[in-house]
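Naming follows writing order (A, B, C, D, E and F), and every chain is counted from residue 1.
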Amino acid sequence: MRRILVINPIADDRWNQADGDYLQSTARKDTIVDIVNIEKGASSIESFYDEAHAVPGVLKVIRENKDRYDGIMINCFADPGLNPAREICEIPVAGPGESAMIVASMLGHRFSIISVLKNVVPMFEMKAAVMGLSKRLASVKYIDVPVLALENNPDTTVESIVEKINEAVEKDSAEVAVLGCTGMLSLYRKVKDKAGIPVVEPAAASLKILETLIDLGISHSKKGLYLTPVFKKITW
Amino acid sequence: MRRILVINPIADDRWNQADGDYLQSTARKDTIVDIVNIEKGASSIESFYDEAHAVPGVLKVIRENKDRYDGIMINCFADPGLNPAREICEIPVAGPGESAMIVASMLGHRFSIISVLKNVVPMFEMKAAVMGLSKRLASVKYIDVPVLALENNPDTTVESIVEKINEAVEKDSAEVAVLGCTGMLSLYRKVKDKAGIPVVEPAAASLKILETLIDLGISHSKKGLYLTPVFKKITW
Amino acid sequence: MRRILVINPIADDRWNQADGDYLQSTARKDTIVDIVNIEKGASSIESFYDEAHAVPGVLKVIRENKDRYDGIMINCFADPGLNPAREICEIPVAGPGESAMIVASMLGHRFSIISVLKNVVPMFEMKAAVMGLSKRLASVKYIDVPVLALENNPDTTVESIVEKINEAVEKDSAEVAVLGCTGMLSLYRKVKDKAGIPVVEPAAASLKILETLIDLGISHSKKGLYLTPVFKKITW
Amino acid sequence: MRRILVINPIADDRWNQADGDYLQSTARKDTIVDIVNIEKGASSIESFYDEAHAVPGVLKVIRENKDRYDGIMINCFADPGLNPAREICEIPVAGPGESAMIVASMLGHRFSIISVLKNVVPMFEMKAAVMGLSKRLASVKYIDVPVLALENNPDTTVESIVEKINEAVEKDSAEVAVLGCTGMLSLYRKVKDKAGIPVVEPAAASLKILETLIDLGISHSKKGLYLTPVFKKITW
Amino acid sequence: MRRILVINPIADDRWNQADGDYLQSTARKDTIVDIVNIEKGASSIESFYDEAHAVPGVLKVIRENKDRYDGIMINCFADPGLNPAREICEIPVAGPGESAMIVASMLGHRFSIISVLKNVVPMFEMKAAVMGLSKRLASVKYIDVPVLALENNPDTTVESIVEKINEAVEKDSAEVAVLGCTGMLSLYRKVKDKAGIPVVEPAAASLKILETLIDLGISHSKKGLYLTPVFKKITW
Amino acid sequence: MRRILVINPIADDRWNQADGDYLQSTARKDTIVDIVNIEKGASSIESFYDEAHAVPGVLKVIRENKDRYDGIMINCFADPGLNPAREICEIPVAGPGESAMIVASMLGHRFSIISVLKNVVPMFEMKAAVMGLSKRLASVKYIDVPVLALENNPDTTVESIVEKINEAVEKDSAEVAVLGCTGMLSLYRKVKDKAGIPVVEPAAASLKILETLIDLGISHSKKGLYLTPVFKKITW
């Protein structure tokens, strides 16, 4: 049995129930998934500014809860706080952006990310560059719908996503699609059915990657990038 | 329940029992692991030449058995036949080299691979380059012991591996170690206990990554690199 | 005349006077330099965790003060909050890490960064990778002295820095040295006199680069990476 | 005088005469070109699967004949078996894919490869990446005609190739074209006459590069990637 | 007070007055800008051939004048002679191409260069590659107007430049534009007013970057790329 | 029969006889090699400054002689004037630096260049970067002997070169050595005999590559990087 804490890095509990159910159903039978949101922050993460205000809350939740879990998942494609979270944990921490790109890289030569707004295009390109996946990333596309409006007209949103996937296949030689926002998880099944290529849903990908790390009994190295910080230096 | 076929890409059944036991014990309870070797080929894979003579046998096993499995794992760090196997399968195929590097890339900024002989140094560097992980690979080190001699003096081999890990930490700023040969799996526990950094055992990493792909219900794209080949063109 | 706001991204005012004097003396005569620290955060920035707790305070200072300045400088080599600061400003924002690497790249083929602790090595390598300067970065070296202890034994610290510079020249073919911490600015003159290669002090470099951007009448593009965020989404 | 063995890596002798005549006429007067095909394998190489079944036959021909030759050429743009062939030979081995890209890289800043089917696009991009020529490769284009149908309607095929060359010039800024299949050699003259940029025919490029290596009295290093394998390990 | 020598690397004095006035007005009040052209060379720099014939003249001017200046600027986007000039000077030397790309890299994720003729596209891509900015360079566009004709129909030229900027924004995701020729400086204001993204004028960028280097009291390293040459070896 | 013009890009005829004899003996029987030096320039090329003063002379020789030759070779590892020479020629132009690196890239995974002085280290690294061979270049080493002193104590120079080759093999995993100066050609045989890895002599490599281009009837593309310049613009 393994216990996983999922953190919705937003100051809003409205998706906790649906996301928790989805992830629990994705998890193995002997995995317990708990889900919480943060107290202060943005209602969605769409900019560096939103991310900056989410991270302290994410780290607070982790500090207060990590001893009772085997692994932690930060439930947002931007992976807010992934690096500092790994600094303060002995247990593995996974993020949907990193996990989804890693899964996609095994399924074909090039993948495209379909996300929400224009500014995430360079953001995710930078993320891929740091991971080393620049050449494997065919393109980042956006449907120009903010996170909080994704489910307003779900069928229209699905159509927009599928249209961008087709464009990525034809113009950018994408072989695999990655949904570039965990807020799209309720639309995943419909997108998958209409897309002609494999589609990676990042929240599920992250949960399964986290189960893998837990099962392998392995966690982040403390001898370099993720050195344990000095906590007493912080007034917060 | 899921069924996984593990292929030892060598013309020798001597590791089937031990490897099968190890992987079955690594797998989840509802995963059935079957293991087979190939008929013709080399007794170990240490060169492009060995690899070339293993691949047709690997593909033959896959053609004859794939319909009865949910996923296939090719049990050698060189991932012999990974690309053509993905061409001929609708189910996911995983390899220890790719899987282990992917897992290592999440555990720190830089990992080193500790393998057997000198020529694998550029081989694995080329593998990392194609995956996009060149900057994340601190170094490839070799202990100068052929695969078939790894277990002759297991304690000495363990010492050699640990020595190379320490060298990688000090000289190459490695934060994570990857065992660069699945023939080292019996030595993993001892190496892990003596190494000061996380150690990735590639066979286990590959099995768990494969379980992840199976659970996500996702497989390789057939719209590019892994297009289905025309079988009737082959006389064999 | 131009007005520049310098933000010390730490919850401590002890360096405001000295840093402000140094930067005012570095600035042109018609530049007014104001310096402030943040309210809540760490007492020094040495980890992703420290950085995460500094950024909201940096952004708060910027929101409250940006209308009265022509440019903003975040006074820490890690450039905490540089990206979100550029999202919320119409005026240019500069950071010592980015500025110093850019200046160093014009002075020779390869530069080395000499910084404080081991974990900053991969951090600054990642920073250089995102900027595109990986091949120009000879190495990142650390003297293993935390920021707050740099001035305890200034002569010893200077010796350690010069020793690492010499090592970078001999082993890594560095042609230029970059001080990898703005806390080293009081040691700059002594290091410069003893080093056999040009030394870039990042706080001064950043202030001058900021003056350049202000004089060119140019600022960050709002049509991509630095799109203006939606402020009302934040509860803080 | 020098003797070169050309291996058609397919289980079909139908091109031996024409290819041999073409290559002999391309060679210098004092070069003797012998051409053979392999016994078992595919009738054309268009996938990793085809390639995997060609390589053992290629290596068999080489083992049996290398002592009577000064150099070996594997006559297929995918260069099947190039790496293991270099492991087992003291004499130089050349392949059309590698040779043609090298020649093209001297003729302009960017070249495009015009080949047969969709899946070769990522294949050849990966090949260029390993060689280090990613930035020099403008694009890989395909005419969607399998190798065995290239000569069915030669004029139509020529038109398709020229159309793709023009597209590469206009859209991808290609300055040089490379025919991405040695099966196109009979069409080379016509393509060359109609293309507005230099066109590299890979079989001829490879033969001449091989003559160059032979004349320089130089061959592959045995101190790394091409270490001599242990033959007795193979049951085949 | 600082003295800067600007060299127009062409055998023509017709722009000296206008360029000098523009740069003097861009400079600080306590900067004196002198401008000279070279004696022998081309009337504009649009090819490697033009550049080759400009460089000896540039170096002659520098040898004869460097002792009376604090910094030197070579006034052409191709930066002709930048490397040898740095070899023979103790004072800093700046070039518009390098300076403008560096400034642009701080203003957004990706910039495009809008220049004159087709052949400069690969030239400037190579320049960006050496600097390490390949991934930051969205594209190089050309208006197909030679340098000497840029001011024939200034309004038409401005329109062409703005059209290419718009194309770069829409097709290449450019966030910042760089004028790729110092001959465009008289058109800068009009282009800036019509472009929807920040525009970098390279001559001004270079002058300000040079002032920055002078103020920092720093110059090129003599311990590597810019080692002082042996003058007496030259017959000229 | 083919006629090749070799240009020694130095203002000194002292090597014409020996170099010409060496290259004629390297060439095929039906190749005629003529060799000339330039009138004005340096006596050896060891800096950007030397190179700048060699190029106009190289181009003058080419303009005056190209109509009587089938190909041109610029006999210096720095390839001075290679780019502008290709702009003004319809016939192929080769350089030892480019040719030798290309040949070395086929002989193993990584090659090292052994050259004369310290500043050529970054120079040749930049050259490899533009070609795309950075990852294939193990290292650039220098023996700290200027070109004109190479033959003062030939046995000592040979020892120094071999020592650096051994160092490159042991420390940098080099598999192939490239002599990084055409002035070393008289030492080639002795170096080759003592080195444990293949050694590429660049002048011979360049001559043979040039013969290959001539025989393939192919030359540089005029549709991009090597567009024909406008000659009348030059006053010289």
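The definition used in the following text is that a residue touches a chain if its C-beta (ideal position, glycine included) is under 8 Å from a C-beta of that chain, and two chains touch if they have at least 3 such contacts.
What you see is a predicted model, and the numbers here were worked out from it, not measured in a lab.
Counted as hops between touching chains, the shortest connection from subunit B to subunit E is 2. Chain pair D-E has a twin interface among A-D, A-C or D-F; that twin, with over half of the contact pairs alike by residue number, is A-D. When every chain is reduced to the mean of its CA atoms, the largest separation from subunit D belongs to C. As a whole-number value, the distance joining the C-alpha centres of subunit A and subunit B reads 27 Å. Subunit C has its Cα centroid 43 Å from the Cα centroid of subunit B.
For subunit E, the set of residues that touch two or more other chains comprises 108-110, 121-122, 126, 129, 134-135, 173, 175, 223-226.
Screening every pair of chains for touch gives A-B, A-C, A-D, A-E, B-C, B-D, B-F, C-E, C-F, D-E, D-F, E-F.
Partner subunit D is touched in their complex by these residues of subunit A: 108-110, 135, 173, 175. Only residues 11, 40-44, 46-53, 55-56, 59, 81, 83-84, 87-88, 117-119, 121-123, 126, 129-130, 146, 223-227, 229-231, 233-236 of subunit E touch subunit F when the two sit together in their complex. Subunit C contributes residues 26, 28, 92, 94, 98, 102-103, 105-110, 131-136, 169, 173, 175-176, 196-201, 204-205, 208-209, 211-213, 215-216, 218-221, 223-226 to its touches with subunit E in the complex. Per the touch definition, subunit B reaches subunit F in the complex via residues 121-122, 125-126, 129, 134.
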